[in-house]
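One structure is given below, encoded as structure tokens.
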Amino acid sequence: MTLSSLQRALAQFAAERDWEQFHTPKNLAMALAGDRGELLEIFQWLTPEQSTQVMQDDERAVQVREEMADVLAYLLRLSDVLDVDLEQALAEKIEKNRRVYPVHLARGKADKYTQLGG
Amino acid sequence: MTLSSLQRALAQFAAERDWEQFHTPKNLAMALAGDRGELLEIFQWLTPEQSTQVMQDDERAVQVREEMADVLAYLLRLSDVLDVDLEQALAEKIEKNRRVYPVHLARGKADKYTQLGG
Amino acid sequence: MTLSSLQRALAQFAAERDWEQFHTPKNLAMALAGDRGELLEIFQWLTPEQSTQVMQDDERAVQVREEMADVLAYLLRLSDVLDVDLEQALAEKIEKNRRVYPVHLARGKADKYTQLGG
Amino acid sequence: MTLSSLQRALAQFAAERDWEQFHTPKNLAMALAGDRGELLEIFQWLTPEQSTQVMQDDERAVQVREEMADVLAYLLRLSDVLDVDLEQALAEKIEKNRRVYPVHLARGKADKYTQLGG
């Protein structure tokens, strides 16, 4: 399915349940943030190396997939109620990041661009 | 652009900058959470009504779009390094939610399904 | 109990269980953030008015108290491993905020000080 | 200063600026979460080892202290408007955790107690 067909499915899901009243941008931003408790909890005590193996535990893998699906769901609902074209917004952000993180300065460094000198 | 082409663009962006070393699932889960924190700040003092008008302020609108793009970017990177098919995961989650939030019980209620009786 | 005696109790709790190895600043920052999923979930669909009544539901009240205790616990552990004097840091922050949010400019406004003109 | 004197200072700070109208539990829970997002950003790309050195960079150290002060500030405001005794809540939580994480089972393990067998 495409993002926009998923977005429509989510909008319909909310409309059928009369949930649009709850889906203000403020509430959706909270849900988007609140829903990831378990995602962070899954990773919080793991070493970076262990974190790369997380999908090899079946129970964890299901949890991770569901949490990520929830994040996408709330992000799509938020973009719907705010009328933001997410794919377009991301394409523009990538272009911007090409400028602010030029390869020759950013290579191998995790610094924010404000610290990159230039 | 499709999700998978955005995903490839992000993977290439990271590879060109030798940033894959930073993009462990653990770190990406943190980045995903951090950026959602910034979205919360935009909405935290607004009333639900004010939150629906947030895109009418040009400066805020740019910020909201960029934060949402960042959330999508980190979500796509995380799904890439964990080999999760996000669109498929969301389609399955919607199916699951149809079962646990049936219209006749969930209509107009914001309760978690564990509280819905049934 | 004072903050510092709670901090010592938490340090001892971790030491007895050989958990200090997990309590890096990075991991504690994640735990601090990750643990509040439920706190946000409790409030996300409530109106501001409903949110003021949340402690009248006994089950919710227990949840809220426990989540807040967890936040304080991880904050105290983080301040311990980073050797930050929390009470001092907050006292200084209040002083700073007195300067950047002077009463005559900030009164009744929720704007960040960068927007306050002056 | 004690927690309760800091709590009073924060309450007075809000009252002087007529900010109590913004300080609903819902909004304060968002603010608490948003600021923890900023803490995550400081640590997200650091290795666990680098994260232990974060206070040796003066600029970062100031940031970390301020973010932690903000978390404590919002936590104190939230506990004030909800009438939660934070120190008492934490003391009780530590007692509860002594039961659910007994030393002989929890030693050296980061598992949630539901996975600890027993």
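The chains carry the letters A, B, C and D, assigned in the order they are written, with residues numbered from 1 in each.
Keep in mind that, in the parts below, contacts are C-beta pairs under 8 Å (C-beta built on N, C-alpha and C of every residue); 3 or more make two chains touch, one makes a residue touch a chain.
If you're wondering where the values come from, they're calculated on a predicted model, not measured in any experiment.
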* **Interface with more contacting C-beta pairs, comparing C-D to A-D** => C-D
* **Contact-pair overlap exceeding half with A-C, pair selected from B-C, A-B or B-D** => B-D
* **Length of the line joining the C-alpha centres of subunit A and subunit D, rounded to whole Å** => 24
* Report the inter-chain centroid distance for subunit C and subunit D in whole angstrom, where each centroid is the mean of the CA atoms. => 3
* To do: Specify, in ascending order, the residues of subunit B that touch 2 or more different other chains.
  => 22, 26-27, 29-30, 33, 36-37, 40, 43, 45-48, 110
* **Interface residues, subunit D side, partner subunit A - complex** => 26, 29-30, 33, 37, 45-48, 110, 112
* Asked: Once bound in the complex, which stretches of subunit A touch subunit C?
  -> 22, 27, 30-31, 33-41, 43-45
* To do: Within their complex, state which residues of subunit B touch subunit A.
  => 1-3, 6, 9-10, 13, 16-19, 21-22, 24-27, 29-30, 32-33, 36-37, 39-40, 42-43, 46-49, 51-52, 54-55, 64-66, 68-73, 75, 78-79, 81-84, 86-87, 89-94, 97-98, 101, 103, 106-108, 110
